[in-house]
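By written order: A, B, C and D. Residues from 1 in each chain.
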Amino acid sequence: MNYRRLGRSGLQVSELSIGSWVTYGNQVDHNLARESLAAARDAGVNFFDNAEAYAGGKSEEIMGQAVKELAWPRVSYVVSTKFFWGLNEAPNQYHTLNRKYLMNAIDGSLKRLQLDYVDLVFCHRPDPNTPIEETVWAMSDMISRGKALYWGTSEWSADEIRSAWDIAERHHLHKPVMEQPQYNLFHRRRVENEYQRLYEDIGLGLTTWSPLASGLLTGKYRGGVPASSRAQLQGYDWLRKEVTDADKNEIVGRLADFAKELDCTVGQLALAWILKNPHVSTVITGASRVEQIGENMLAREVAQKITPEVKEKIEAIVGDSYD
Amino acid sequence: MNYRRLGRSGLQVSELSIGSWVTYGNQVDHNLARESLAAARDAGVNFFDNAEAYAGGKSEEIMGQAVKELAWPRVSYVVSTKFFWGLNEAPNQYHTLNRKYLMNAIDGSLKRLQLDYVDLVFCHRPDPNTPIEETVWAMSDMISRGKALYWGTSEWSADEIRSAWDIAERHHLHKPVMEQPQYNLFHRRRVENEYQRLYEDIGLGLTTWSPLASGLLTGKYRGGVPASSRAQLQGYDWLRKEVTDADKNEIVGRLADFAKELDCTVGQLALAWILKNPHVSTVITGASRVEQIGENMLAREVAQKITPEVKEKIEAIVGDSYD
Amino acid sequence: MNYRRLGRSGLQVSELSIGSWVTYGNQVDHNLARESLAAARDAGVNFFDNAEAYAGGKSEEIMGQAVKELAWPRVSYVVSTKFFWGLNEAPNQYHTLNRKYLMNAIDGSLKRLQLDYVDLVFCHRPDPNTPIEETVWAMSDMISRGKALYWGTSEWSADEIRSAWDIAERHHLHKPVMEQPQYNLFHRRRVENEYQRLYEDIGLGLTTWSPLASGLLTGKYRGGVPASSRAQLQGYDWLRKEVTDADKNEIVGRLADFAKELDCTVGQLALAWILKNPHVSTVITGASRVEQIGENMLAREVAQKITPEVKEKIEAIVGDSYD
Amino acid sequence: MNYRRLGRSGLQVSELSIGSWVTYGNQVDHNLARESLAAARDAGVNFFDNAEAYAGGKSEEIMGQAVKELAWPRVSYVVSTKFFWGLNEAPNQYHTLNRKYLMNAIDGSLKRLQLDYVDLVFCHRPDPNTPIEETVWAMSDMISRGKALYWGTSEWSADEIRSAWDIAERHHLHKPVMEQPQYNLFHRRRVENEYQRLYEDIGLGLTTWSPLASGLLTGKYRGGVPASSRAQLQGYDWLRKEVTDADKNEIVGRLADFAKELDCTVGQLALAWILKNPHVSTVITGASRVEQIGENMLAREVAQKITPEVKEKIEAIVGDSYD
C-alpha cells in the first residue's frame, strides 16, 4: 500500500480506504463488518471513513465495536466522522452546522465509536443558515479540546472552503485541511476546476467518495437494476435513476472493453484513474463484501499501467459526459 | 433614470450604462461617438464602460476625445477601464496582471482617455500566473496614487474574488468592490449561484455585460446572420456560432411572443429582466446607433411590469437552457 | 554549580547536565542509573535529558523509575523528552512531526516517565513532510494542556527555527525557546554562525549535545577503538569511522598536551571551552559511570582558566578542522 | 528565448540575462555597451542586471545612456540595481542598508540610469548593523513611491530572507520576491540546500550570478592566467587565486571532455546545467564581447540535451568539490 499526505498536512493515509455509507447496519451484519475491517487493514488500509448519519448512527456503533474487538493500537489507524444531517428532524438537530448541534454531535459520535477522539471530522455539507465563522470556531474547538485531530468539509464550494480557511487564519484557529468531494469519471468539474487554486494556496487534501459513481462504473447496471441492489430499496429512486442512465451505461460498456486490454475490470480501471490524480489523498471505496476489498486493492496495480496516453484514451471515451 | 449603489460602495451608477466594446473605433465614427455619449447622458446615463483592449486602445482614445469635447464636469460621470489582454504580445505586456504591466497600463489608459483618473478599474480576467496578492497590491496602489477611485474584477471565480478581498483586508489595502460578469437570460449560474455568498459577505456590486447575449436576445438572428452584423466579421466565428444556436433562437421566438403581451421588444424584455435582479448595479448596454440608446432606456419602464409572476413566466420559457 | 537561563526564558538550568542517549537500558543497569542521577544531583545538576527514541523507550522508563525511587520534589528538577523517530516503523508513527504522532507520543512518554508533565519537549529533527505550522500547533497544545512547560527543536536549521517562531508569534501560540544542537570543538558552524541572528532576535537557548564529539575529544581513540567502546557495537560503523579520524586524533593529541598545562584532561578542556560560549545554556554530558560525573563537573573549574587568550590558543590548535 | 516567472511573482524574465559587473566602464567602451545590449535584446534577453557599485556608478551611467539611445519602450525591458557597498567610504554611505543610505542611493541610481523607476532593486549583501525591519521598511517605501517595482536580496542567508519576508508580512509591507545568489557547478549548497524551504514557503525566485565561476568553468585558466584577463588586474588577487585552483581546473578538463560529447563548450555546458534547475528564474551572464552573447545563448539548446542521466554524469564529475 502507498500512503499519501492528506493535502499539505503531515497525516499519512492509505491511497485506498474504506467507507461505510449505508453498508454496515443496513445490509451487513456485525461479524462481517469486523472481517471487512480486518481484511482491509491486512491490505494496508489505515483510513476508515464514517459519518453520524450513515445508517442513523449504527454505522459508527458497528465500526466502534469492531475496532474495539480487533484491539488495534489507537495510533495505527485513522477514523473519521461527519456532521450536518443530524439524527433527529428537530431544530438545532438536523441540517445545521451551528455550535449547539456540532458540540453535541461530536460527543455522540465518540460515544458510539467508543473512542476518545476521531482523527478527522468533516462538515458534511455547507449550511447557508449558519455563519461560516460560527462553524469554524466550533470545529476548531473540537480540536483544541482533543476530540478530533484535523477538520475539513464535504461538498463545499471553493468559495466556502476559502472563506472558512481565511476566517481560521485571521482568528488563529485550527484551519480546515481536507475536503471530501464526489469524484469519479462522471463527476469531475469541482475537483479538476473549481478547487484548482486551493491546492496551492491552502494545501487542500481530498478524501474522495463514490469512485464508482454509485456502482454505475462497475458495469453491473448495464442490463438493468439487479434485484439485490441497493437501488431497489425504497427511498432510493434517485439512485435508480442515476445508475440506469442509458448514455452513461453505453460509455461504461466501452470503458469495459478498454479495461479488458489492461487485464482488469471496469471498476478497477475507474479506481485506478482516480489514483492518478495527485490532488487525491485517498479514494474511499465501499466494502459490502470482504472479497470486494481485495478486488478494489488490485486497482493499485492497474494504476501503474495508466500512462499519460492511457489516461487520455480513458478520458476520450467519457468525452464531456461528466459533471 | 434610477441610480444604484455599486454594491456596498457609496458610488451611484445609472442602472443602465453604456459600453464600447469594438463599437467605437471599428464601426462608428468619431462624431457618432460624441453624439451617442451625449444622448446617453441626456437619458440619465452616468457610467461609461471601457477597456484598454477594446479596439486596440482606440476605444479609449475616442471616448476620451468625445468627453473632452463635450466638456462635462469630471465629477458628473463615471468612466472605467480594464487591464489584462495588453496591447503587445510580449512578456509582461499581455495576458498578465503583474505589477509591471498594470503600472504601465494605467498610465497608458489615462493618456489615451486624457484623464487624471478613472473611476473604476477592472482586472479584465483572472491571471493564473501572477499571485493574486501581487495584483491586489498593484490595484490598490493605483487608488493610493490617485489614478483610480475603485477597483474590481471581470469574470473571476467566486473563490478568486474572495481571495483578493481577503488579501486586501489582511494587508489593509483597497478592496475590490465590483465584478463585471456576463449576465443575461442564457447565462445566469455564476451571478445567481456561484457569487451568492459574496453579496452579503463582501457587498459585491455587479456591472453586467452582454445583456442581450451578443444580440441573440434581440431576435435579429432568428432568420440567420444579417450581412451587416458583427457576426459576419472575420475572427468572429465563435460569435456566429453562438447567435445561430437553433434551440436558443426558438426560445427567443417564444420570449418575443411574450414581449408583445407586455408591449415591448424581446430585447427590452431581456434588459428589464436583468434590472429586476437587485444584485445588479448597472446593466452595460451597447450603443452602435444613437436611437439604440433610447430604445434600451425604455427597458426601465418595462421593468415596472415585471412582477414576480411575470418573472416566473419568463424564466419558465427559458427553462434550464442557460449556463 | 552555576545555573543559566534557558535562552531568554526564565527557566534556570545547571550549566552542566546529564543525558541518557543509549546509556541507560543498553549498557547500564537500573541501580547504576539511580546512583548516577543521585550523584549528578548532588553535584548540582538539575537538568536530565531524555528522548522517546533512546533505547527504544527504555531510557525514559529507567529514568522515570529512578526519579520515582529517589523521591525528588517535582519542582526541583527539569526533565526533557524528544519526538520524531517514533517507536514503530509505520505511517504516522515514525519519522514524523504530525499532530497525530505527537499527541500520541507525549502520552506515551509521560506514562514511561511516570510524570504528569515534562519540563522540556523537543522536536528531535525537522520533518520536511509536515508543515511547520502543524507541528507548532501540536507543540503549543502540549503546553496548553499542561503536558509540557517549554518546547524547542533539535538540529533544525536557523530558517526552520525562525519559521516556527514566527508562526507561533502570528497565531499567538507558545513559541519555541530552545534548540539542542551538536556543539564541540570539531562541530561549530551552526552554533557560531548559522544561529547568530536568532540569539538576539528570539532569545534562543541552547542545550548542546556531544560535547566530546562522541568521545573523540577524550583522547581515548587516539590508539584505536577500545574493545569495550560503544563504537565496537554493531550498527555503530558511522561512530567508529568518526572517532578514528587520523587528523582529528592528531589535533586531540595537541589539545591533550595543552590541557596538561592547565592541569586538566583534554575532555575537561573541551567541556570547559563550550562553557565559555554565553549562548550555551547547558552542556549535556554522558554518564555511563558514576565517577564520570565528578570528572565532568571539574570542567567548571577549568572554565575559569580559559581567558580570551587561552581560548584563542585552543582554537588555533583546531584551526579550521571543524564543521 | 524562454521566459520564466521571477519566483512566484508575475514578472517574466528571460532565462538568460545580461549583467554588467566591472564590464562596462572599466574594459568596454560606450559604443560596445550599446551594441552588446542590442545584440542581447535581439536574442530575446529582457533582463539587464546592474548595481550601484559596479565600476563605481559608471556601469549604471553607461547602461542608462545606451538604453536611452536604443529608445526601447520602458515596459519592454527589466532593469535592476543593488545597494550596499555605496560609492563613498563614509558613515551612512557604505557597507550599510540603513534608511538614510537606501533612500539616497535609489535617487542616485535613477539619475545615473535616466529612469523613473527600476524594475528590481536588491539589498546587495546583508548588513548586521541595521535591523532587518529598518531595511524592509525602506525597500518597501521605494516601491510605494514608484521608484522600484519589486525588491529582493543578494547573498542573504535563508534565515535573513525569511526574517525580512515575515516582517513585511506582519507589517503589510511589500515583500522581497527574489534573491541573487552565486550559483554554478562549484558553488551549490546555498541554492540547493539552505534555501530549500523558501521556494515553497515564500515563492523565492533566483537571479543567479557567476554561472562560470569567475571564468573558471570556461576552461581558459587551465593553462594559467592569460595576460589580458581581469584576473591580472591589480586588486584581483582573490580572483587569481580562485581561478587557478589546480583541482578545480582538473575537473574543468574532464567537463570539457564531456562537453565535446554533447557538441558544446564547457562554458555552455555549465550554463545549461544551471538552466535545468527549476528554482532559477534567470542566469545572469557576462558580456564583455558582443560575440560572447551569441555563444552564451547557445546554452539554451544544450540544455535540451541535459537529460536526468546527463545531469547525473556532470555532477558525478564534480563530485563533492563544490561549496
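Here are some notes:
As a convention for this text, a residue touches a chain if its C-beta (ideal position, glycine included) is under 8 Å from a C-beta of that chain, and two chains touch if they have at least 3 such contacts.
Everything numeric in this text was worked out from a predicted model, so none of it was measured.
Taking the definition of touch as given, a chain qualifies here only if it contacts subunit A and subunit B alike; none does. For the self-contact between subunit A and subunit C, the two sides draw on mostly distinct residue numbers; the shared fraction is below half.
Chain centres here are Cα means. That of subunit A falls 45 Å from that of subunit C. Note: centroid distance subunit A to subunit D, computed from Cα atoms, is 49 Å. Inter-chain centre distance (subunit B to subunit C, centres taken as mean C-alpha positions): 66 Å. For subunit A, the set of residues that touch two or more other chains is empty.
By the touch rule above, subunit B contacts subunit A in their complex via residues 128, 157-160, 162-163, 166, 170, 194, 197-198, 201. Subunit D meets subunit B in the complex at residues 3, 5, 8-14, 46, 74-76, 78, 119, 144, 146, 149-150, 172, 174, 203.
Residues of subunit B that touch subunit D in their complex: 88, 90-93, 96-101, 103-104, 127, 129-131, 134-135, 137, 141, 144-145, 170-173.
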